[in-house]
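Note that the chains take the letters A, B, C and D in the order they are written out, and that residue 1 is the start of every chain.
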Amino acid sequence: MPLTPEQQAEIDALRAQSRPTLRAVAEGMEAHLYTAYPVLDHGFVRVIDYMGDDAAITQAARVSYGRGTKAVSNDEGLIRYLMRHWHSTPFEMCELKLHVKLPVFVARQWIRHRTANVNEYSARYSILDREFYIPRPEDLAAQSTVNNQGRGEALSGEEAARVLEYLKGDAARTYDHYEEMIGQEGQQGLARELARMNLPANIYTQWYWKVDLHNLFHFLRLRADAHAQYEIRVYAEEICRLVKDWVPYAYGAFEDYRLGGATLSGKALDCLRRMLKGEEVTQETSGMSKGEWREFQGVVD
Amino acid sequence: MPLTPEQQAEIDALRAQSRPTLRAVAEGMEAHLYTAYPVLDHGFVRVIDYMGDDAAITQAARVSYGRGTKAVSNDEGLIRYLMRHWHSTPFEMCELKLHVKLPVFVARQWIRHRTANVNEYSARYSILDREFYIPRPEDLAAQSTVNNQGRGEALSGEEAARVLEYLKGDAARTYDHYEEMIGQEGQQGLARELARMNLPANIYTQWYWKVDLHNLFHFLRLRADAHAQYEIRVYAEEICRLVKDWVPYAYGAFEDYRLGGATLSGKALDCLRRMLKGEEVTQETSGMSKGEWREFQGVVD
Amino acid sequence: MPLTPEQQAEIDALRAQSRPTLRAVAEGMEAHLYTAYPVLDHGFVRVIDYMGDDAAITQAARVSYGRGTKAVSNDEGLIRYLMRHWHSTPFEMCELKLHVKLPVFVARQWIRHRTANVNEYSARYSILDREFYIPRPEDLAAQSTVNNQGRGEALSGEEAARVLEYLKGDAARTYDHYEEMIGQEGQQGLARELARMNLPANIYTQWYWKVDLHNLFHFLRLRADAHAQYEIRVYAEEICRLVKDWVPYAYGAFEDYRLGGATLSGKALDCLRRMLKGEEVTQETSGMSKGEWREFQGVVD
Amino acid sequence: MPLTPEQQAEIDALRAQSRPTLRAVAEGMEAHLYTAYPVLDHGFVRVIDYMGDDAAITQAARVSYGRGTKAVSNDEGLIRYLMRHWHSTPFEMCELKLHVKLPVFVARQWIRHRTANVNEYSARYSILDREFYIPRPEDLAAQSTVNNQGRGEALSGEEAARVLEYLKGDAARTYDHYEEMIGQEGQQGLARELARMNLPANIYTQWYWKVDLHNLFHFLRLRADAHAQYEIRVYAEEICRLVKDWVPYAYGAFEDYRLGGATLSGKALDCLRRMLKGEEVTQETSGMSKGEWREFQGVVD
């Protein structure tokens, strides 16, 4: 369980206080606010704040004076139109602020999305907790044999046991030494900013992360994808669930046009048109490389 | 008055509806929400939405679980510390969304601040209104004689009258022609995206503009400055007034460290230290160029 | 002709001086450096500087020590792979700096692409030239009757003539008044930063614009598209021609996967799969709206 | 020594090939190109490419047709003026591309500077080398007793020895286990993307990092500062040395106005003016907090 009783009490206190506002309110998101939804063994995602709702997207697209819509059905149609035609600026008018607890190696992937605001827990200033990500046996995957950047089957029993032993043992030992090095009883105590270098990448960190909806969708498209590393994908999937309750029309359009869609090259479109006319097209006659052809098959089959 | 009765009714409707939320609420900003505060002759600034308050800044700086503060006094001290030491990320955790109506030549300066989200009224899609910025006589300034990029005294009566006549006459004529060109009675009607090219830069446009507090402060420091062009400065000043009511601690720190502060070069600091020891320092002995020395005098005198 | 003899002499002088460098050199681009390629009636695009070539993309993707490639064929394959899988960061390792002269209403669209560096000619500081974009008769398009944001046929003779007369006459008159207002003979002279507001949006401005290749491709995809306004599209097309000579592999991949490609939604992919199996699919049975169906037909027909 | 003979040969090959270019060439930087300058025990910084020189800054500021300058002395004066008045866009017209090898915990600080382009060596795809940062004894600093985020004296002999033993031992053991886990002899072999989680933050990574000069100066101001962590400061200092040879005027202005300068608050300026008039000002009569007063003393003493 990732929260102490004190932390849970702070969250409960926030969830108990409701105040009036004139701003756009998304009921679906109010229900999630502050709650820490668990991800992996010690991580979580929780919504700290949000700005806007589905109507805020169309309101901005129309630069309107009021709530910005005549009929609800119009909103959905307009949102789908905006998504389909890559009009990104109206989606930037919604904003989400999350508190995330995550292993450092996941954080290192996550931070590569630059168009977001981040405040991370400082290991120069503070002491990190003794919490490490240890995969479940079924998540201990072997290196993929077909893809240099991917996973294959789960490791078999004995090998898996050895790996878990290494991961747990090294985490415990390096953290023991971290604690010893910064300790100040009977010694000077190593600076925290130095001692942290001994900690492995499966230690947990946490941050506040704030992003607009357009850039969040970009993040989710890449990280909720089947090719993303499992350990970041589970965070992305948890966020998808929250976004769906926050801006259901926008999320629906995102699901259809981005998550469930595919981009085809000019060559692939040519092949498609030939195939629709009844022609038999093979990799040799497609003009595509083997890799492209395989991916194309994956899309149309 | 920049609003039609219908627009005012839409605003009033929004101001009449209060709903409960669990999010951080800034009372000072709730009082301003949706109201169109006039700027220049037809422009306005109005707050559409905001995220966060002073406590949200310290909460993010501490990556905390609850509201993030023990005592209110701590919040102010921490905010001043963060501002003083250029810790910008906690200020990025607050966000403001404005609806602004402004002349095109002001919009062209404004848009140079890139780290913001914008949805502008589309003159490809829609027809612009017949509204032009015509300066008040006291704002019809002469070219500065000392600064290529500045203003001097207000023009004298007859010259001012001639200028106003030109501005009004040209605005009226170009708009008449714009309307005629896009008109579809008895003719095809020129495409809007082309016809708009006939309109001068004092015509009004409008947009939704969303920005985080750090980047807003950067905008305000440059645009609320005495050297900024008057026509954008009045917008910046109006926004300052709103921000002060929204995040009073952060605004106070901004006022002290940025608006009211000054950056001194290594050379200037050397001179200062010599002067504080009683030495008489002149431009010749300062190591500074004439321009730098003049600016230095302006700071310390 | 957009250049004065003095300007042409400055360009010729730069083109005459060659110096040795150890950096990556793209012969295709060296041939274009500094030359002002005309666009519209008074505009141009010219390359001021560039960083990198095709090999620089793969070199960065591999974080390599040397030039980063074994065989040239590998480079092309890797570049196509990176483009196909939306790996954007290696393309960010190339950079282009342009000097562009363009009408203000085009500049206003262009500047919406935020991830770029811009230095624009200052009308606060300097005096604008008397140069206005006046469309050729065949470019004087009527408002589209099917698309609020588009053009239809060219205007017929008499209407076209009237439009041209308005555009030319208003440009001349507003510029005369601009000149008169800032004149300092026998009067104080209005500040330039104010006088410019009288000038219409078809006056020319110019800027230095610097952008990385990934963001340039994004710009080109939107602005070289058939739905972009003609007056910005011709700039985008000119830049496409330059980029093709600079990074031929990257441009080839861009042409195939972006310019010539299409993104299909999950619903559209479902329809495709049904159609490939021989099923007759209509808009009614497609699950798509009329607009989506029409666009889908445009892709597969 | 951080380079293998093969890597050094690749670098030597690049340094041996000179080609003609019409672009701006900075002799000072040509002399550094590709050379790997050592930083820390296994790290380095080397310049892969650059765009522009001092003249490119003034050329962009003037939006000029030729090289953009009359007299060299004018260039320096203009560059100092631009730096003094925070005109950042001309400095964005120069660009630098570096190859950096650095410990992961330094990379984690570095990456927080978002306005840059990065391609990092992928530990999902490739195997990391057995190279860890082990501080020299004199860099093994104790936690500061006055500043939660800082260092004090170097650790004394015995404690230092123990710390080094922990760092070296844990690095060796975790790397041994990393190798064992990914090994494929007689077992499936754990996926690289998982195995890397066992490696501590002092392991070395490497990346290509590209940034414009304005944002580079921002990075250097924060990271070459006395308060920056030593291990990132040495990288910043090495880069300062390179930039000084690349754009000497811009670097000189940066050194005077940013590195050697200080920003004073409105309150501090008030005190200064009082002190210059001969008044004795103390913390109590200054209106400043103790912390502010201490920092103010540090600036003026």
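Worth a mention:
Just so we're on the same page, a contact is a pair of C-beta atoms (placed from the backbone, for glycine too) under 8 Å apart; a residue touches a chain by one contact, two chains touch by 3 or more.
The shown structure was predicted, so the numbers you read here are calculated from the model rather than taken from an experiment.
A comparison of the A-C and C-D interfaces places the larger number of contacting C-beta pairs at C-D. Separating the CA-averaged centres of chain A and chain D is a span of 29 Å. Rounded to whole angstrom units, the spacing between the C-alpha centres of chain A and chain C is 33. A separation of 34 Å divides the Cα centre of chain C from that of chain D.
Residues of chain D found to touch two or more other chains are 89, 112, 118. Chain contacts in this assembly form a complete graph, since each chain touches every other chain.
Residue ranges of chain B in contact with chain C, taken from their complex: 103-105, 108, 111-112, 114-115, 118, 122, 124-126, 133, 135, 140-144, 148-153, 155-156, 159, 162-163, 166-167, 170, 173-174, 177, 180-182, 184, 187-194, 196-202, 229.
Those residues of chain D that touch chain C in the complex are listed here as 3, 6-7, 10-11, 13-15, 17-25, 30, 33-34, 48-52, 56, 59-61, 63-67, 89-90, 92-93, 95, 97, 99, 117-121, 206-208, 210, 212. Per the touch definition, chain B reaches chain D in the complex via residues 77, 80-81, 84, 86, 89, 112, 222, 255-257, 259-269, 272-273, 275-276, 289, 291-292, 295, 299-301.
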